[in-house]
């Protein structure tokens, strides 16, 4: 057995440099003066212990790795995939999932249903971005811009023209698609990371404009009192507004605010199911094949007679449309929107969901959306360390499963031998 | 099992039973949700709110609670994110809590307030100053702090009557709070005919204002009002001093934080700031200040005493009405006055304080301040 | 020489100061991109850590009784370079090296995660409040007539220009003359081939990250001295701006990053000076988009050759 003294010393020194200063002392403002105070003695012990641990780990690296073997290799997806290929089982699986999501509101508590609604919004967003990033391979860092366009379209229409949710939903989709088209037109000739920064720029411009155009959008004050969705013109409120009837009056049941929470959830669920259905069809259509062809090899597909600009523009516009739908639904759920909900970090999280799920894979993206929304909620007890753990999880997930939770698999037929 | 053993286990069972009965005899604790940022960039303001509210709960419990029940705080973190605020509000509904002290940022208070109003939950905010919050006909939403629309005119009045600047610049941080106050100050100056040469937003979190300061220098600005928080104001003061822009700076309570002297150093000398009365300097509150200091907490934060008052108003209303029904409490709060560490509070129909006075202070480089106006 | 000219000059100087610091951070982005083709989103956080270490070093040394300003600054430089280098190296080793060869979006997400992680690590370790210290270097020179509007240039701004310039020269010499620099350039051309020729490409990539971190540390020290304020959230915006600067100049090109930084800084200052500061970012991004539409690979970027 060889001892790796040099690398071990090196790693130990690095560990010390990483932790000793930032953890070992703390800057504190005493009155108007800046002082540093040393950390507690046990923090210092921990730093030293970590350094020693790293040192000895690297010293006996070969030995430890031999005894431990490698980390157990988790391979659930392959099993899932083998199940997934059987059509009957696949259908059963989907039926089960849909049934479970339909029954959920009867079992879940109010905050769970509300959280589930939020998850569904993220699923819708991620499925939309999945078209752009996962299928067409265009890195879009400004996706939240279209989400904002959707949310503000509905909010502004309802504020100025008193338009209801359903019209607003359609208008938001159209408006976001329009923005996607307009912005996509000039930028799609850029490649790779240039496209990324330009989309990022557009996303920021949209947010800053919403913030600056105070006369129109209320600026940072945001827009409040956005009406909630209605069920065939039946409102979900204690008292009906003029010319309207409430849901509980119409059906002659007692008022419960749970009705609305459940209604919002079911509405989001239906929107997500429609999204999944539409995208599933699109993937199997020539346009979906063309997206992937462009992603795999742009030059080859051009040689085969595909028009890359058209195809990319399609992907961009359709992706934006779903963001618009999600945006208007978000506005309805919140009842109040302001530009601070549409920052870059939101784009980054949606992108992370798509990548974490396995680019292009719908089921993977849905799983990832659930994980990325529910985990931070569950980690609320960690309070101060919540975001720290969130970042750590993102890094570890990428290292653990770089291809995503459930990598995409093309629908295909295999010849039985 | 031997006889003695049996006897002992019987004894234990009796004790345990007695324990259970005595527990069920004591009234259930009244839970109060403290909703605000525990994490995120504005967590320090969330701290102010929670130490104030927790101190109030402690003091009230020490003196026997409310109608024989103890108060119990449950903390919820919305990170000042509107999306999370809605989730928090739903969680509070879900956890069956009927009383909320919070939220802090206006962007999260508004969507959350809609939910509380509908679910019959009493909410008192100690920090959200946006006028919109109480303009939508809600009945269960109150606040124990002044509005932007009160503070703006208070500052404007002083500027117009005392300072009489020749050319003013009004800046804000493009956030709800800052822009609201800045707009109010601007309209006060416009009415008085004082020329406002600049009305501009800066990016919150920005560090470099050199271009803006050069512009103000060129415009010969002698008075700058900044609607926003202390980090940007500190940088403005500091860079203005370095670039020799000779102007009087003024800001709302968001800049009146001891950190501003740390950031701006000597440059913070002479800054004007509108603040609520310094509740911690009130001799009446000396015992509370001691209690905060004993816990190593800073009682000077702008929201500490309003948060204390928020809890106390709730508790007093419960004592007065002998009820825990938020609707009853809301009408009790509207029709009575409450003696709190922030003064005698009365609420109007909208749920705002009838009178909440702001005092203009002159700030000093050592972090102290002197009052320039009377209350 | 009238007032308008000096006003323009003042805004130009302000813009160049900000731009120099963007440039220093942008080099870290551009070098990493040039070699392994990934956007290191965590780079802004390295700069933020550099700022914190500067604060700790300056305060600590001052508390130990060191009074000479140049020595204080030197100490801050040394300490923050050591620490940020360790961070730059470890980030690469932990978050990116295991992902070498996977789809290019994977390290990007890992980098965003790393950025969130570092930002919150510092927040937990040092608190979320703004930390401030008084200026160490004060005073400056005046350009133009004292009586009317005059441009002023502070000594600190001069130090920033000079240090940035020196760092650039040192880096160019290192890249073009030294053995390691040559290996870096070779890696940027073709990393596989370089490996076949007996160069330890992993080590070269590590060195690239360390160089980027050192420049971020330099920016951290300079900006800490200039602004005197730090909080855990400054890295994100600085990183975003520097990334924009790197792309503007042509990502992968070191002179491009410098030029991009300066153009971005001047654009921002001019927008604030002649238009309104609330449109500063809008104009900066709009400029970026315009330039990329005219030159899809940035001002100094090499046109990408499409390989079949």
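To keep things simple, chains are lettered A, B and C as they appear, and every chain counts its residues starting from 1.
Following the convention adopted for this analysis, a residue touches a chain if its C-beta (ideal position, glycine included) is under 8 Å from a C-beta of that chain, and two chains touch if they have at least 3 such contacts.
Just so you know, these numbers come straight off a predicted model, no measurement behind them.
Across the assembly, the mean Cα position most removed from that of chain C is the one of B. Closest chain to the protein centre (all Cα atoms averaged), using per-chain Cα means: A.
If you tally contacting C-beta pairs for each pair of chains, A-C comes out on top.
Each chain gets one centre point, the mean of its Cα atoms, and the points for chain A and chain C are 29 Å apart. Centres computed as Cα averages put chain B at a distance of 38 Å from chain C.
Chain A and chain B have Cα centroids separated by 33 Å.
With touch defined as above, residues shared between interfaces to two or more other chains in chain B number as follows: 174, 201, 259, 262, 265. Within chain A, residues 29, 34, 212, 384, 387 each touch two or more of the remaining chains.
In chain C, the positions touching at least two other chains are 129, 131-132, 278, 281.
Residues 29, 31-34, 109-112, 114-115, 118, 211-212, 214, 219-222, 224-225, 237-238, 257, 261, 330, 333-338, 340-341, 377, 380, 383-384, 386-387 of chain A are the ones touching chain B in the complex. Interface of chain C with chain B (complex): residues 3, 7, 10-11, 14-15, 17-18, 128-132, 134-135, 138, 149, 152, 154, 223, 227-229, 231, 233-234, 237, 268-270, 272-273, 276-278, 280-281.
Partner chain C is touched in their complex by these residues of chain A: 14, 17-18, 21-23, 25-29, 34-36, 133, 139, 186-187, 189-194, 196-198, 200-202, 204-205, 208-209, 212, 298-300, 344, 348, 351-352, 355-356, 359, 384-385, 387-388, 390-395, 397-399, 402-403. Looking at the complex, you find that chain B touches chain C at residues 40-41, 43-44, 174, 200-203, 205-212, 214-215, 217-218, 230-231, 234-235, 238, 242-244, 259, 262-265. Residues of chain C touching chain A in their complex: 33, 39, 49, 52-53, 55-56, 59-60, 63, 79, 82-83, 85-87, 89-90, 94-95, 98-99, 102-110, 112-122, 124-127, 129, 131-133, 240, 243-244, 247, 251, 278-279, 281-282, 285-286, 288-289, 292-293, 296-298, 304, 306, 308.
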